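Here chain A shows up in two complexes: once beside chain B, once beside chain C.
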Partner chain A sequence: MINAKKHVTMNQKLRGDRIFYWAFLAYPIIHFLIFYLYVNFDSFVLAFQRYDIESKTYNFSDPWYNFNRFFNEFNKNSVLIDGIIMNFVNYAFRLVVIIPFTLYMSFILYKKIPGTDFFRIMLYLPMMISSTVWVLLYEYAAENMIPEVIRSITGQSIGGLLSNDSTAMGMLLYFQMWYSVGGGTLMYISAMSGIPEEQVEAMKMDGAGSIREFVHLTLPSIWPMFMLFLWTGVAQIITSDMSLYTFYGDDEASAPITTFGYWLSIRKIRAAQNVFDLPYVAAMGMIESAIILPLMFSVKKILSKIGPKTEG
Partner chain B sequence: MKKLATIFIALLVAVITTFGGLIGCNREEAEEIDYNKTQLYVGVYNAGYGTEYVKDLKTRFEAEYENESFEDGKTGVQIMIRDVEQGGVFLGQINNLTIPEVFFTSNADYYQFYDRGYILNIDDVVTENATAYGDNGTIESRMTEDAKNFFETDDGYFAVPYVTSYEGIVMNVNVWEEEALYFAKGGAPSEYQRTNANCDPALSGEWSEDLLYFTGTGAKSAGPDGKYNTYDDGQPATYEEFLLFCDNCYANGVQAFHWAGRWPQTISKVGISMVADFEGIDQMKLNYTYDGTAKDLIEVDDSGNITRLPEQKIDNSNGYLLAKQEGKYQVLKFWYDLLHSQNYFDANTSLNTKTHDSTDATDDFVTGGILTGKKKIATLLDGTWFWNECQPAIDVVRESTNGRLNKDNMKFQMMSFPKATVDKVGEPMTMRIDGTSICAINAKTPTWKVDLAKKFVRFAFTNESNLKFTEITSCLRDFDYTAPTGYLNNNYFAKTLYQMSNAADRMLCASDNPMYLYNAVNFYNSEIFWSSQVGGTFYNVPCTAMTKEGESATNYFNGMKNYRTKSYWDTLYKDFYYYNVPQD
Partner chain C sequence: MKKVKEKSKNGKMLNAIGITVVILQLLLIFIPCAWGIMQTFKSRANWIVDKLGFPEDPTFKSYDLFFRYFYLDVDRGTRPIRVYFEDALLNTFLYSAGNSLAAFISCFTTAYILYKFRRFKSSGVFYAIIVIAINLPLAGGTASGLKLYHQLGVYDNMLALCILNAHPLQFFFLIFYSSFFSIPTDFFEAAEVDGAGRFRIMVQIALPLVKGIVLLFFLQTFVAAWNNYMTCLMYMPSYPTIGYLLYKFKFKSSPVEINHATVKLTACFVCALPIIVLFIFFGKKMMQGVSIAGGVKG
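Now for the complex of A and B:
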């Protein structure tokens, strides 16, 4: 009798656990099915469809139309070639300047040099405040304050630094750096904090200086995260708008430089207003993915092969 | 302690930078709901024309129905005014919104709202004779043929246009008078040329530059309409005279024209209005209907020599040929001449400062010559919403002059466009009217409330409401409505705009061609209108191409033709050839 009761209780508990388990998983699964599988499948199909004006429905009358249209526009528009070059310049800047600088700052803060707290706050500040506020402040500084200071010193009017073709690129790259260093530093410091103290001490006892410690211990220890940053950065080579949308809105004409990512975003926003153009937007997304995916996997493969190994 | 201080400072900086930007915001307190009345939510795109005209509607409509019941246990109506986004953004939101129930918005692609079923049929409202409001005539009977064709779909009317938006040149009349910028009767070169077979007045021996400008004695020249004693007297009648006017401004230390540096497209938009004025309704309308005969297509060689092309039947399949319309070339040449000399405008603000927005440009224009350090400016590139938007600047002037200058004696008016050549002087002006303002009813309005919403829309477009709209906003509606004599005498801007509009041929930039309806943004967007490919370089803003890249008008014009090739056109619009292209 007691055993039977115990058995029933166990079954009930198991059932309860299962209900809890499935209730817990239900939301992410439904979310995945609708917003990942269904939406992407729907977009995939839509990319090969056209809107029929008479029946007001989508059909497969000309499956390659949207792709042809994209390449036609691409061939027509020299801005796009320039835009892709801009995207690569942006990525190169990220690779050569932003990432090394982020690593450098992270290592300094990790080593707790004097003023670490101050630097930490200053670096995190851009992450704590709305990007719109920063963009406004930065815009006024670049367009009004700095030119005014230069005018008062040299007597020469130089115009806004974001409006001027020759200075806009530099100002936008600097904004990227200033805005993204804080977030990256936060992540790297967390990873660096996980390095066992004994290993650091051992290196010191071997007479290693900071540079050797960084190259042979710190970098290998945070390599998976470093790789992740590089890898996700590749995904943005084509899609990054270099904050142009935040600075210039969908007002393409005011932007002295245009990246391919920015051009694409504006086209998507405009086309999404029109039922006739929705398949075109879907095709744009597919083309974007077709370029990015192989690139991302290739880079991942290369990075996993060239990664450093920790000493000892 | 040190750590606490650091955190405190960081938080302080964060709060100051975040909320500091909001200090200028001055939100009106939301009106409380009166649960004894039925609420009707009315959305307004609060830009350019403000919300005052809807507040006036609210007052009068609530009074009209104060004793009527629309739901059990309630008497009267309470209009709740809410902000809505501009049409392009609102299109993406409305399907998820149950309020507002009625809305007024601009930059809206009407057909997209209709085609997606986001707005309700208001056929009965548009065709109803609203005698209940003391009105005599239907909304439809007051609409222009253009507007009827566009707004009446196969299923009837789903919206009505609520404002006539028109982009052009605003004059500061006070500056023109103080600086003697008007042309004088008998002195304006175009007047001499018109009566002397286009002879150069400088060679005539009976004309001198001293006769050019009106100095307070005698009379002003006839202006572009070729008639004396009208609203455009003394204004430059030709492009050539406009350049003389700019030189005169420069000589007097006045800035000839001004625009917001943030919006280089301002010149593009004014440029389209000028193309419309050059082409006239029949030819300009082809850019929207793609149905008719193009009569002024040209080719221009590298030296700027024009070759006229034979007349060409235009349909959906060859619309790209309209890039060769002469008006486009003449207007590009006009702007090239003006922008080439940096004596006429302030390059520092208008070309090189993207934070210089419309409000800054309006402030510069209104306060020029009055506030210390501000140069007098003769004209501003803007739109019919100017007077409504410049009121804060006028308040600043009133305070700084202790009331000496105020909105009653600061005079501004929309300028008539000068004509490209002397032989066009006297032709009526063609006013290109934007077709993107709509008033409509949200399809998600509860069924029991639809009748009330329709009553409100009908009320908003009575003759009285149309007049009130003009009185309050100083802007017009694209309807035939007559202002009683003297009605607008106290508002110089509205009065002259009304006179100009009545004398002009008005043209709605829209058509019922499905190619237009399904791709409206491609046809009303100034960047697409002016797209050009010069060599390997793509442009869509003539101002930027000319000032920053040094492109000539000829190169830009030929680039427009290069950009619109047959294959490109086919890719975009082939689906619509069924509509009016003869089948083999």
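Now for the complex of A and C:
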């Protein structure tokens, strides 16, 4: 009798648990089904559709229209080849200059130089402020402050650094570093802080210097995070607009350089404001994903094979 | 002995180089900031003759121009509306509060439910789906999402956008989920023995135990909403937030007196000021976010 009563109570509790569980998961599940699965599936379908202004519906009257439009525009626009090259230059700059510099800064601060806490706070502050603020400030500093400093030192007028074609590319590349080093540094420091103190001590007792410690202990320990950054950064080979949309807005002609990502952003944002252009945006998204996904997974595979091993 | 001395000398030299590099990086950021703030107190004439020095006769003219012309004309269907700084401020607060609250409820409750009932087989499946969806970079959803918003009649609707943003496919879901594992199960068991219901345990036991993360969540979502202009541009153009208004103001060239460095830099400074104040009070708390993110990703 007691057992049966206990069984009933247990069953009631389990039923209550299940009701509670499904009641709270219902909304996220519905949301996921509609706004993730359906939306992504519909994007695929939408890419092959066109908007009919008369009936105000999307139909399959010309399934390849959006893709043809994209490739036609791409073929006609020779600037786009430069844009793709620029995207690769930007990624290479990130790999060769920004990431090593960020890692160097992180390692310095991780080793607790005097004033580490102050430096960390100061490096974090720029992360908090809007990119538009930084772009505006950088623009005026590059166009007015730096040329004025150079003029007052050398006596020569050099003009604005962003409006000068020979310096604009360098300045726009440097902006990426100027703006993002602080955030990246703090992320790496956090990952480095997770390295057990005993391992660091053991390396020191083995007579390892800072460089050996970095190569054989620090880098392997933060490798998963490093890999994640490199991996997700691959998407930027195609999508990065190098903040050009914030610098120059919709006005492509005023930008001294272009990237494929900037070209895509302009068209996406313009098209997103017109319901009849949404299929074109969907087609662009599909082309983007078709390039990014295999690229990302290949890079991930390569990185997981070449990753360093810890010595400690 | 000689080797040890050499090593300590090398270490000191590395330290010195390190400090120099960090200071240099900070100077490269903060010198333009200080220069920019200084320019906001210059008159137009003063700026033309001297772009580097201190203001000759400090003036608030740029601030006056900023507050007069920092607006955007939007069309809400029925009639054109002029949105000024204070209206955008209200929009920003409403949007960030609504967005943060909706996203928080969704992230927190889903993480808690999947943690608390992890004995149910489906909870593992849901967790895996969320992790995959967070990490899978699908670029095609924008168009279809916008199409759906138009079809549902919720395009350019702030409240609807907040509700539609309430999903657990966010990094904070993972933070909440992993934080529950650090809470001793005794807390939940003791509450159950005392007769507390499931909802009460979630709200009165679990929630206060992760209140640090909750504060961090609200701070970060608020800052993101303040700074972001793209969401407004794409989804709610007639409810400009500060970030969007600043972006539009950057390209605004009429009347001619605002198309000037001193006024544009004033806009930068005024729009960044509330975030700087927030940083002064909650800077340490906000930095924890980076530590947590670094820890989780590492």
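Everything below uses one rule, namely that the second predicted complex is superposed on the first by the 268 of 312 C-alpha atoms of A that agree within 3 Å, B and C clash if a C-alpha of one lies under 4 Å from a C-alpha of the other, contacts with A are read in each partner's own complex, and residues count from 1 in each chain.
The rule is short, and it goes like this: a residue touches a chain if its C-beta (ideal position, glycine included) is under 8 Å from a C-beta of that chain, and two chains touch if they have at least 3 such contacts.
The shown structure was predicted, so the numbers you read here are calculated from the model rather than taken from an experiment.
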| item | value |
| --- | --- |
| Partners on chain A (chain B, chain C) - clash or fit | clash |
| Touching partner for A:137 - first (chain B), second (chain C), both, neither | both |
| Chain B versus chain C as contact partner of A:68, first or second or both or neither | first |
| Which of chain B and chain C A:30 touches, first, second, both or neither | neither |
| First (chain B), second (chain C), both or neither touched by A:47 | second |
| First (chain B), second (chain C), both or neither touched by A:275 | both |
| Which superposed partner A:129 touches (first chain B, second chain C, both, neither) | both |
| Broader residue contact with chain A after superposition on the shared chain, chain B or chain C | C |
| First (chain B), second (chain C), both or neither touched by A:121 | both |
| Contacts of A:162 with chain B and chain C, given as first, second, both or neither | first |
| Partner chain(s) touched by A:10 [first = chain B, second = chain C, both, neither] | neither |
| Clashing chain C stretch [against chain B; choices 26-34, 62-70, 98-106 or 242-250] | 62-70 |
| Those residues of chain A which chain B touches in one complex and chain C touches in the other | 121, 124-125, 128-130, 133, 136-137, 140, 144, 272-273, 275 |
| Contacting residues of chain B [partner chain A, same complex] | 2-3, 6, 9-10, 13-14, 17-18, 21, 88, 91-92, 109, 112, 115-116, 261-265, 268, 347-348, 351-355, 514, 518-519, 521, 527, 533, 536-538, 540-541, 544, 548, 563, 567-568, 571-572, 575-576 |
| Residues on chain A engaged by chain B in the complex (per definition of touch) | 50-51, 53, 56, 68-69, 72-73, 76-79, 117-118, 121, 124-125, 128-130, 133-134, 136-137, 139-140, 143-144, 147, 157-160, 162-165, 248, 251-254, 270, 272-276 |
| Touch list for chain C against partner chain A, complex | 7, 10-11, 14-15, 18-19, 21-22, 25-26, 28-30, 32-33, 35-36, 39, 51-52, 106, 109-110, 113, 117, 120, 123, 126, 129, 133, 137-148, 150, 164, 166-169, 198-199, 223, 226-229, 233-234, 237, 243, 246-247, 250-251, 261, 264-265, 267-268, 271-272, 275-276, 278-279, 283, 286-287, 290-295, 297-298 |
| Interface residues, chain A side, partner chain C - complex | 16-18, 20-21, 24-25, 27-29, 31-32, 34-36, 38-40, 42-44, 46-47, 58, 104-105, 108-109, 111, 113-115, 119-133, 135-138, 140-141, 144-145, 148-149, 152, 178, 181-183, 186-191, 193-194, 209-210, 221-222, 224-225, 228, 232, 235, 239, 246, 249, 268-269, 271-273, 275, 278-282, 285-286, 288-289, 292-293, 296 |
